[in-house]
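One structure is given below, encoded as structure tokens.
All chains are identified by letter, namely A, B, C, D, E and F, in their written order; residue positions are counted from 1 within each chain.
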Amino acid sequence: MSISSLLVPAILFFALGMFACLIKSDLKFPPDMHRMIVIYLLIGIGLHGGKELAAADMGDALSAVWAALAFGFGLPIIAYIVLRGLGKIDPLNAAAISAHYGSVSAGTYMTAVAFLAGIGVTYEAYPIIMLAIMESPAIMIGLVLAGYSRRVTGGESKADKGMMKHLLIDAFTNGSILLLFGSMAIGSVVSEPSYHKIEPFFELIFMGALCIFLCDMGMEAGKRLSEFKSVGVFLVGFGIAMPLFGAACGLFVGHFLLGYSIGGITLVAVLAASCSYIAVPPAMRLAIPEANPSFYLTLSLGVTFPFNVVVGIPMYYSAAQYLHATYYPW
Amino acid sequence: MSISSLLVPAILFFALGMFACLIKSDLKFPPDMHRMIVIYLLIGIGLHGGKELAAADMGDALSAVWAALAFGFGLPIIAYIVLRGLGKIDPLNAAAISAHYGSVSAGTYMTAVAFLAGIGVTYEAYPIIMLAIMESPAIMIGLVLAGYSRRVTGGESKADKGMMKHLLIDAFTNGSILLLFGSMAIGSVVSEPSYHKIEPFFELIFMGALCIFLCDMGMEAGKRLSEFKSVGVFLVGFGIAMPLFGAACGLFVGHFLLGYSIGGITLVAVLAASCSYIAVPPAMRLAIPEANPSFYLTLSLGVTFPFNVVVGIPMYYSAAQYLHATYYPW
Amino acid sequence: MSISSLLVPAILFFALGMFACLIKSDLKFPPDMHRMIVIYLLIGIGLHGGKELAAADMGDALSAVWAALAFGFGLPIIAYIVLRGLGKIDPLNAAAISAHYGSVSAGTYMTAVAFLAGIGVTYEAYPIIMLAIMESPAIMIGLVLAGYSRRVTGGESKADKGMMKHLLIDAFTNGSILLLFGSMAIGSVVSEPSYHKIEPFFELIFMGALCIFLCDMGMEAGKRLSEFKSVGVFLVGFGIAMPLFGAACGLFVGHFLLGYSIGGITLVAVLAASCSYIAVPPAMRLAIPEANPSFYLTLSLGVTFPFNVVVGIPMYYSAAQYLHATYYPW
Amino acid sequence: MFSTPESFVSMKRIEIVIHEERLNDLIQLFHEAEVYGYTIIKKAGGFGSTGERDQDDFILEQYNAVLVLVCDKNQADKLLTVLQPKIKDFGGMCLISDCQRVSVP
Amino acid sequence: MFSTPESFVSMKRIEIVIHEERLNDLIQLFHEAEVYGYTIIKKAGGFGSTGERDQDDFILEQYNAVLVLVCDKNQADKLLTVLQPKIKDFGGMCLISDCQRVSVP
Amino acid sequence: MFSTPESFVSMKRIEIVIHEERLNDLIQLFHEAEVYGYTIIKKAGGFGSTGERDQDDFILEQYNAVLVLVCDKNQADKLLTVLQPKIKDFGGMCLISDCQRVSVP
């Protein structure tokens, strides 16, 4: 794999956004533009996933769902233990940060897809199903961890209960998750000619729209990155180690348990490695107001996201290649 | 016609929007997104209509125009009489509601087009010309009815006059109407190769953009629907009966007077059955401030619009089929 | 060249926008829509330019760069001299106005491209490189002229210095310029298959999106045009004479120095004739707050822009044809 | 002092800043107290006991709403009786000051 | 009371809320009265004698504008003389209150 | 007068309008003065010594920001000492007025 495989427009636009932030350019995209592209991307991903789901083998799809749930619930718990044990991070901040790592970043995932497309590698349909599923458990486990932390630290517990229920509902009625699942459902039932009519909007121009999204996210990442001093060395290290650990889990699961191709393994690794910045941050802000947003936002947007986009994706791909070559060397 | 013909993405996204509203999801599209898609759809419809108009037979086109004017002026008057006579609705509210039913809903029309496309039925070019024409008369007749009501109830009449003139001008300088007519004019004069350059934007990705629009409108409809208790049984009934009556007129005119194909008849029925929620509501709010917006918005957005999209379109299509089979059984 | 060659959708939508403004329609596009389309157009132009640049002959590309710099620095100086000498315009307003004429209007340029496409004329890739380059020098020379004017009129000079440096940096970190150069860089390095993925979004639907942009700019031009009384006859005359002079320079340079085809010459003329309304106005508002924005905005948006779009482009094209026929009559 | 002093009416100006997601509850309270007018500005930002709320941050999407309500002393009295028990729950800020409403001549 | 009391100037603060479509008429009036400053906030919502104006309702698109103008008593006097006859026509709300403008030291 | 008069606290209401691009400097100043709350409204328009700032003009993109801060007299005193030397530089408008903050019962 050469340097030229990094020259994917999506990644370059992300870099352009970070560069704009670095040189303090006055470049600024309208916030509503961000919201609109997110809506568009979520629907596009959902429809595509639904289409794949309709054609998928049910047994294989179920395996993917189980894997997604395992990541969604498992990774935050591991993250929480590490943050509490090694980092001595206070319980509520640890809970808020952990929740992000169970979830996934649609932007990172799509960048990986663009990366694979750029080098002509194919992949399975199942990872996109996992993507749709992983957002909810992460929010739920975040709430559970927060509840646990509060009980441990002796915080309010009565107000908590109602809040808890409210937020568990939230994990399913959350706009982004609903859009993703709804589009997935729609994608899986519409007829081929009907889908064909909406395909140009949701598939043909998708990768271009993604570039604009990533340019915007690059600026956002740059802004958050600049706060990384206030976050401390341990957390920044965690923001790089955690995706590496997640990716390792993803590689393992993708290769040995799910038996995917190189492309598919790469995507599973990316899912496990990436962390959310769409549905989870506002949910955590509401659920754990005591946690400092600049911690989890700097980590998820300023450290892990750019790390995954610029370094992680090609690295996970190489690892997937290696895995495949080593364990299926025929 | 099977249930699967209802599985048109446009309709499903509308349902998704209503569902999001029902489960009180926090899903929300930026208001500017709505405005932008409306602008886009109006231009797209206009251009397409203009292109058709340029290729149309002038005599046939004129018939369509006459039919459109008849609907635009006639339906509101009938609606007004029913609302006053049967419903004992006060004059000004009756006038405001009536105006909506003379106009058309571009969203419903496009959903019908998507529906026909989904089941592979062709249609004439003229209905789109009717669509462009029907918005203005409805606003005008709304003003006339309001003026009449005020004279009857002895309201202000001096201030009225200036207002009246101002609003009649408005019926033509109204942004949406101007955009529709302007694009139609442009569509009808540009050369084939020029049109070809802008076609991908205005036609190729049109149906996809429509999905997002309808998802948004589904949320809006759901919001309005929830107010239907305050509107009363009579008005809700009217909101279903009126489109049925309009559709019947449309079927009759489309089949016997205009002699269209099944697809064309369906579209004429949809035009007559649908009611506006883009140009007319703000015009009525300005022209008849005494009328209660929750009446006409609940009816047009919360009752008639979802009824037409989910139940009406396939029903009108079946009726058109029946009509065609019965009266041209050769 | 017949009247039908003027019936380019882009130009017609511009006219529609002006018409809407003329008849005082309430048509209004969301400001964020304008910003979004500008971002989209700049990236699209940049990517396309970069792609061309990658395939271009370096020597020829360099010539284009030199020509762009000559225009960017030269035209404002000439404009300044004319405004001061003939028009007796006060120094700071003269400086602010001048800067606009060194820069270019991406909207005018793209309209010219649409015009050429409409009549099937090909053109070189270099003008788009010039477009990207001409924005910065114009801002810089505007700052220099303002500094000079202030020294002449004995204005503040200390505060000036910091400001000056700040603004020179601005000329490069300016969001629009960065977006243009950044996309150009990206367009020039991405691989063919990668580019292919984003092409539908940035090229296929480009001309349609341009129509919406120009409709919006037509409204803006109409609004500014209505202020032209307050600007005075001399300035309005200047707003027409200056693009004519610029175009003449462009024709000369394009034909004799750069040796382009008819299409290429037309584009160079358009670049030299057009004046900016994206990057330069806000820069001048900041750099020369003493200057009256209604002067430079009326001129650039209300006079020169519509003149170029409606009259200029076909005129420059005819001139290019004539030039080509006269000096290469073989 | 002014040309037509008798056309000023002494009123109370109540100004409330709360998290936007609580706005509907507040408005409901207002309608129950039968107020006859208020003005709302949304998408405000700010800083308070719950930290910064940056209206430009499209990731967290936290907004405040500013609400201004003008009424006579009696109405204000009535309103505040209803409002005060909820103030802690609502958070934000609630001010009251004097003003003159210019009335129709 | 404050470190530099002499740097405060007593002023009148005029606060107007009207339907956004009437804003231009009001501003014109202001410029005729030669005011030297005002601040405008658009896309406000509210509730008044003409019912609710919900700034999030993209179907009806009804907005209010809030206008704040600070001037000395004389100017306020002059302005209100011009403004008052139009107040009924403008609708909305017009307040006046006292304030101190912090001036450049 | 009100049902629970003892629940009102006399406060100072500081209202500042500045060019939006200067807002961050002002906020920094506030945080240095350790204020405990403020509210910001962005994308305001207006007219002042530097001319018109039309928030709908997407070519020039000039906005004002309105900042409201409520604090007790001491804090206001402290704040204005810091603020006043910068006022000229900031431009815009800075007002101070009296108000009652409704406190938690």
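As a convention for this text, contacts are C-beta pairs under 8 Å (C-beta built on N, C-alpha and C of every residue); 3 or more make two chains touch, one makes a residue touch a chain.
By chain, UniProt protein names: A, B, C = Sodium-dependent bicarbonate transport family permease; D, E, F = Nitrogen regulatory protein P-II family.
Since the structure is predicted, the reported quantities are computational estimates derived from the model, not experimental observations.
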Listing by label each chain that touches subunit A and subunit D gives none
Note: chains that touch subunit A and subunit C both are B
Need the graph distance between subunit C and subunit E over the touch network, please.
2
Where centres are the averaged C-alpha coordinates, which chain has the largest centre distance to subunit D?
C
Any idea whether C-F or B-C has more C-beta pairs in contact?
B-C
Would you kindly say which chain has the C-alpha centre located farthest from the C-alpha centre of subunit F?
B
How far is the middle of subunit E from the middle of subunit F, if each middle is the mean of its Cα atoms, in Å?
17
In whole angstrom, the CA-centroid distance of subunit B from subunit E equals 40
Computed distance of Cα centres, subunit F from subunit B, in Å:
48
Give me the residue numbers in subunit B that touch at least two other chains, ranges are fine.
32, 35-36, 200, 204-205
Give the residues of subunit D touching no fewer than two other chains, as numbers and ranges.
41, 56, 97
Among line, ring, star, complete and other, which best matches the way these chains touch?
other
Interchain contacts, given as pairs of chains that touch:
A-B, A-C, A-D, B-C, B-E, C-F, D-E, D-F, E-F
Which residues of subunit E touch subunit B in the complex?
50-51, 56, 58-62
For subunit A, which residues count as touching subunit B in their complex?
32, 35-36, 39-40, 43, 47, 170, 173-176, 178-179, 182-183, 185-186, 189-191, 193-195, 197-202, 204-205
Note: in the complex, subunit D contacts subunit E through residues 1-4, 7-8, 11, 13, 27, 30, 35-42, 68, 70, 97-105
Can you list the residues on subunit E that touch subunit D in the complex?
15, 17, 41, 43-49, 55-56, 64, 66, 73, 76-77, 80-81, 83-85, 87-88, 93-97
Taking the touch rule as given, give the residues of subunit A at its contact with subunit D in the complex, in rising order.
31, 34-35, 220, 277-278, 281-282, 285, 289, 293, 297, 301
